[in-house]
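Next, two complexes with chain A in common: one pairs it with chain B, the other with chain C.
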Partner chain A sequence: MSYTKEQIANLVDGKLDWETTFRMLSMPKDQGRFAKYLAALQARVNYADKIVLPLSLHMNIVQRAGDKRWVIKCDCGHEFCDHNENWKLHAAIYVRDTEEAMTDVYPKLMAPDTQWQVYREYYCPKCGTMHDVEAPTPWYPVIHDFEPDIEAFYRDWVNLPVPERA
Partner chain B sequence: MNMQDKNFAGMATNYGDLLGNGLTLKQFRDGIIERTEATGHYNGLEKLAFRDSDPIGYEKLFSKLRGGLVHARETAKKIAASPIVEQEGELCFTLYNAVGDCVLTSTGIIIHVGTMGAAIKYMIENNWEGNPGINPGDMFTNNDCAIGNVHPCDIATIVPIFWEGKLIGWVGGVTHVIDTGAVTPGSMSTGQVQRFGDGYMITCRKTGVNDTPLRDWLHESQRSVRTPKYWILDERTRIAGCHMIRDLVEEVIRADGLEAYEKFAYEVIEEGRRGLISRIKAMTLPGKYRKVSFVDVPYKHPDVQVSSAFAKLDSIMHSPCEMTIRGDGSWKLDFEGASRWGWHTFNAHQVAFTSGIWVMMCQTLVPTQRINDGAYLATDFHLPKGAWCNPDDRRTGHAYAWHFLVSGWAALWRGLGQAYFSRGYLEEVNAGNANTSNWLQGGGINQEGEIHAVNSFEASSCGTGACAVKDGLNHAAAIWNPEGDMGDIEIWEMAEPLLYLGRNVKANSGGYGKYRGGCGFETLRMVWNAQDWTMFFMGNGFMNSDWGMMGGYPSATGYRFEAHKTGLKERIAIGDSLPLGADLDPTHPDYERHIDATAHVKRDKQCITTEDCYENHDLYLNYLRGGPGFGDPLDREPKAIEDDLNQKFLLPDYAGKVYGAIFTIDAKGVFTVDAAKTQARRAEIRNERVARAVPTREWMKEERQRILDKHASVQVRHMFATSFGLSEKFKSDFKSFWDLPVDWDLREEELGVPSYGSKHRMDLSLLPDVHTVVQVEE
Partner chain C sequence: METHTNSVQVMGIDAGGTMTDTFFVRADGRFVVGKAQSNPADESLAIYNSSVDALAHWSRGVDDVYPELVTCVYSGTAMLNRILMRKGLRVGLICNRGFEQIHSMGRALQSYLGYALEDRIHLNTHRYDEPLVPVSRTRGVTERTDVQGKVVIPLREDEVRQATRELLEEGAQAIVICLLQSHKNETSEQQARDIAKAELAKLGVEIPVFASVDYYPSRKESHRMNTTILEAYGAEPSRQTLKLVNDRFKKHGAKFDLRVMATHGGTISWKAKELARTIVSGPIGGVIGSKLLGEALGDENIACSDIGGTSFDVALITKGSFAIKSDPDMARLVLSLPLVAMDSVGAGAGSFVRLDPYSKSIKLGPDSAGYRVGTCWPDSGLDTVTVSDCHVVLGYLNPDNFLGGAIKLDVERARQHIKAQIADPLGLSVEDAAAGVIELLDLTLSEYLRANISAKGYNPAEFTCFSYGGAGPVHTYGYTEGVGFKDVVVPAWAAGFSAFGCACADFEYRYDKSVDLGVAQFASDDQKAAACKTLQEAWAELALKVIDEFVINGFKPEDVMLIPGYKMQYMGQLNDLEIVSPVTSAQTAADWDQIVEAFENTYGRVYASSARSPELGFSITGAILRGTVATQKPVLPEDPDAGPTPPAEAKLGARPFYRHKKWVDATLWKMEALKAGNHIVGPSIIESDATTFVVPDGFETTIDKHRLFHLKEVK
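Moving on to the complex of A and B:
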């Protein structure tokens, strides 16, 4: 099973026809997906750095063009931190920890009680994109929720050369 | 003189000769475990000789058996009268080999791929072979949650399969019954806080001989529950299905030979093990994924009336999950840091995890027909002993284990979703699952004048999580039943003395996002023609059990609405207005305008209650939750917002506040979103976000001070204290993250709430002559 670059680009944009999407769901996975996915994402960002691994809708681990360091970068160009750090610690945060802040986004009674649970919204400090919403109890550590083994993935799983890393 | 058979002497006459190979069942099982551990391959099967030498014959055998299992389920469920089984499909049949390892399972609630296997293993480890003996035509019944069942309402019938006098396997059938005779009615009730109120509990009891249920069992079991007619027809469903499958196995052996069948029954498990690893490698990405989820246990409220003072506290269940996908495609699911079990019915046996998790995985990672114990063998589970998901006390209640299983697994969706997203399989991403509640339960005398219990399975159709390329499905599914179906109103009205005054999509219940979570739905029920009737609520209210993904919001939490002394009888008689349809906007409630001003209304977030009295014409809102969202809501297409507004999936206030939509509404009430103005407004919102936010590390200084001051509600501190009590690692990581002083600590005894169970506990394994089966790293 294989898909065209255009089909993968449409998937990224949420514009792929349902028939093809359904085939993707029901048939064995196309091993060439990752490379086409990277190409589609690369065409959609305005920076020259090479995307190493997508992390979120508007956030990637990239190989910085100047020095080959792997860093976590927002689509707007803002760099959060090194690729193996918790980017949330370098974000801007807004915590919904009052009833007033919760009812700003949910009807009455349909949001958590902030004595039990709060919402932590993590924004890019430059462009204001909301990259994540955590819903923990008060006191909960900021979770470092993903530490990919990029080398093993490239080398052993998708048979691609591992991008150089400074 | 008074012995019936001098050869019996407390030991079955076929003891040690069941298998025909000179080994007892336990010796045979021990050998399989040893060979598996020594080689890393199930039963030492480094090569699949049958599959490789005769792949077509192997596949034919697979198709015959799997098809037969599904056919048996579809046929047998027609025997049941309970809508839970007949409408919702809450049943499953599973074929096991002689040692209780799952060969294949039917469709349905395949959480039971391993629960009945756990019961078989318990029988093996505790010498059922010697006493009471295992013979052709026997039937065993089990629903014991201390040895692997999920909750007591899942009743399993287990039938041994013999060929020419030798045991070659087992077949199990399970149905979710409507009542188990617990302290309060309904299959998953809340009124009890221990096993001793959890309902009729049966431990692998021999309940049938020569294919005939024993009369003592029939008499005892039917009077032990509130709904004997449903109970007996459920049992006949299970027996019929088991016997159909036993006949099928005999037919297969006659056609293909015993040798082929026995090879298949072991090779297919090793194939399942390899299959999971290959799926992980094909779809995910190696690394560590850390996710967490919670659910509220609000027992302090006066509407939670339990018999034990030590259960009257608010607490939180905590499920941190570290999912490690290794370079070789194997994986580990580690729940270190989970909170302790509690005095409620939301505890889960370890097998509810090791077996149950596949009902979720078959909807994402392994959507194949080949779910069997191979998947379990390819997974390392770490479930700390004493946690809510692996209790170390034989008193724990389990009736509503799903209260937190659905929440605990929501974290796994996000972990897998991250992997799929990073790899580019966007079509597979699912932000999570709804908290599959509310559960409308209760009982009394129904419209037929009979003692009755109800558990509305409308929860079988909650909203699903958003995908990375599309919205979640509205009112469509439940994680625990891949065949989600809300059931027909007409059927529920026959089964329950509760008329429908509305059944509508629940606005704003799906989590906001570029792609929103699927909306749940709500039904307004009016008690009608019942006597001495009770009902209660069960679901999440103060907390959400799911999170959104990548900027998407969690779904809405639950709330309850009930109304008594409504005056509806008189309003109907005089043709006055009635509360009909949705509770569209709980900020501006409308139902109250159509019932007597003096009605007693409860409208709050207390979504766990116990049996309360309901008169005819009282009201109960059954609100089924939505799914979580994906992506920043400011990325949502204006047209999608417009559609949501026009279908009443989204209230106008939130189209503006959350999505930044600028819209108009015409005289006919049709909404139109202005894309250009919306784009401009969204730019402003992004600036507003940056303006109101602070750097995370600055905020952390304030939060650290709150921790040093121990400033948090009791339930939050209680959750951390129970997790700290079970895991030094979790406590150490917590203190390290917040840079707390070495002597900082938090213990249950300082909280001023009952802490029974914090120090003194007794595991089932400490009972004399009991050998429990441990299937996880503890």
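Moving on to the complex of A and C:
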């Protein structure tokens, strides 16, 4: 079982029909999906750097064109940091820790008590895309949620050569 | 007398998604099965074509036979498809203020209903279907009735008028009213219904108004709301479909009144008020047919197994009756309709076969090729192997006689696909790979069947297994082997068995109503009599509805036989049992004691005598009333015994057949030419147009006077 590049592109855009989506979800992963998926993502960004691994909807780990360093990049081209750092520490951060800030997003009395829980929103400093929202207790450290073992993933899971890294 | 005994009396129709089967029975018990491609645009045409196909066996025509028919029962998927395709009326909904989103949100389980287990536990696949009524056509009105049925906030009448007008402006073609707890106290809902009707009349608009209490006064708010909406949404358009069918019959001279198979296992008129319960009917036919055959054979415990292209359905008949589920789900909606209880697993003859790329294990389904059979049919456009491909390669199926030769199958094409997709990756020969698939399917089905029986506390040795469905007889030996049934029966008309079963069903209406009665074990006579009074009132209310339905069809109230029943449980337990009432009316403490005794006997039989817990007291959760009138049913054929040796003309030759790692020559027999009493030893394959009955080595079969094959393992 495998899908066309077009179907994967539609999947990325959220335009794939439900029947195909459901089959994709139910069946074992098809052959060569990751390569097609990367190609679809690559076609949607304007930078020349090669995508190594998507991190979230608008953020990828890329191989920087000039020196092959692996860095975390926003779709707009803004570079956050090295791939194994926590990009959130390089983002613009907005913390909702007052009742007033909470009522921006929830009706009154239907938001968390900010003594117990705050929202931390992480934005791209260049284009303003919201990349993530955390909902921790107020004192909790910034969460580093994803530290992928990229070499192992390429080598053992998708059987592809590991992209070069400076 | 010749013309009389040969007149065709009964017709059954099973209009499935891909094929429309018809089944005709003569007064002497002879029958024919017809098949035609289904035609969703005009079902009546498919039925006509299928009838022509069937009656050709008797060299008779439709115009000649339809006028002779005494009775005809339809079952089909028209209603179901209408719901699945969301092609119903534009319904407007009036509910309690603050609950406008409830129908759209639905019950969480509706997001995974109908899924295979793997998908059910895989949250990402869960998905909510489009609601039957959008929020934009839903209006809330201020009212509240509490759980005890007390009106705590009276209905604001002006809001109902306003809502009615707004829904009309939104283009509503029908209005459904469903208020909280209306099954406990119908006052507010009826009030809202009358106001809405009056408002419509004032506006000079004629659209139907459906109040849930008038249709399905049962507890469980989502179920009741869904069912009432279903009635408004799909029933009227379905009635049009049935009218087309009925009109075509009349055009060809038919005199009978068309009946429709309903979920509760009886048939109802196409003119019936409640048509939502015809949403699923085909598979139920098989259970009804099994019950009738069981009565003829003296078997009161039957495991009904139906294997078609996409699924394997199992139902149990115990002590001569089938179980009813009162809150089933259909079309991914939870409903409050009585449904003949059936369990299904998504594995059938058309199931796709794939190798898991990681574990290298064979996986069957859950999707299937449906009418496209498999890669063995070059026109199918398929390139994934199906179970049927394996059958063709191993000699189970005759590639030149599939569906009576309607399509030709390409064995070599199937071989190549099996080789590339299954055999080579596993390092097996094509035969062993294909045999592995069949073995896996047989094992899956027999485990499912065994589990279904033992999980309910029964022993397979007390059951006769009936095997039918288009693909049933191919697999019968496989899924019954080693289960230890008392007897295994394959009817010669297995392919048309559901249509046959529909024709066997009673003309029966059934109405249900939730009641809440709790009586302690040693309650006073007054308390018992009071409980009887409540139950009797519910029966009386239901009796009016049942009789009304029959009056529509021109019966007199005194022609109707009423059968009261109830749902009872030990107080505080969660599952109730449905009991046919031992008393025709409930009045006195003595009546109550009989009601309790009947429940306790059933409980002891279903679970165990020692599990009975009368000290908890007794609850009645629902009143049931069934009403029937006499109808003509199919007569079973009665053939003289022709001895164990099959006639020479029945023998068609031999075909190589692969099982247990070797090719053998299986003797081929023509099913129609076999006579009562004939005994056939495996390896044999008995063929007819619509079905293939496989009797491998280690098995033997005898055909009885009713043209039922009994399959036995030879020790």
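Just so we're on the same page, the second predicted complex is superposed on the first by the 165 of 166 C-alpha atoms of A that agree within 3 Å, B and C clash if a C-alpha of one lies under 4 Å from a C-alpha of the other, contacts with A are read in each partner's own complex, and residues count from 1 in each chain.
Operating definition for what follows: a residue touches a chain if its C-beta (ideal position, glycine included) is under 8 Å from a C-beta of that chain, and two chains touch if they have at least 3 such contacts.
Just so it is clear, the structure is predicted and the values come from calculations on it, not from any experiment.
Look at chain A after the overlay: chain B and chain C clash there.
When the two structures are aligned on the shared chain, A:K108 is found in touch with chain B, with no touch to chain C. In the superposed model, more residues of chain A are touched by B than by the other of chain B and chain C. Touch criterion met: A:D149 reaches chain B, while chain C stays clear of it.
Of the two partner chains placed around the shared chain by superposition, chain B and chain C are both touched by A:P28. Of the two partner chains placed around the shared chain by superposition, chain B is the only one that A:L16 touches, whereas chain C remains out of contact. In the superposition on chain A, A:W139 contacts chain B only, with no contact to chain C.
Look at A:W116: by the touch rule set out above, it reaches chain B but stays clear of chain C. When the two complexes are superposed via chain A, 114-122 is the only one of 6-14, 24-32, 42-50 or 114-122 in chain C with C-alpha atoms clashing against chain B. Residues 25, 28-29, 31 of chain A are contacted both by chain B in one complex and by chain C in the other. If you check the complex, the residues on chain C that touch chain A are 116, 118-119, 122, 124-125, 127, 354, 356-358, 366-367, 384. Chain A makes touch with chain C in their complex at residues 1, 18, 22-23, 25-29, 31. Residue ranges of chain B in contact with chain A, taken from their complex: 281-283, 285-292, 294, 296, 316, 318, 327, 414, 418, 421-428, 468-470, 507-509, 512, 514-515, 541-544, 546-548, 550-554, 556-557, 559, 585-587, 603-605, 631-635, 651, 653-654, 657-658, 685-690, 692-697, 699-700, 703, 706-707, 712-713, 715-716, 719-720, 733-734, 737-738. Within the complex formed with chain B, the chain A residues making contact are 8, 11-12, 14, 16, 21, 24-25, 28-29, 31, 33-34, 36-38, 53-58, 88-95, 103-113, 115-117, 119, 121-123, 125-150, 152-153, 156-157.
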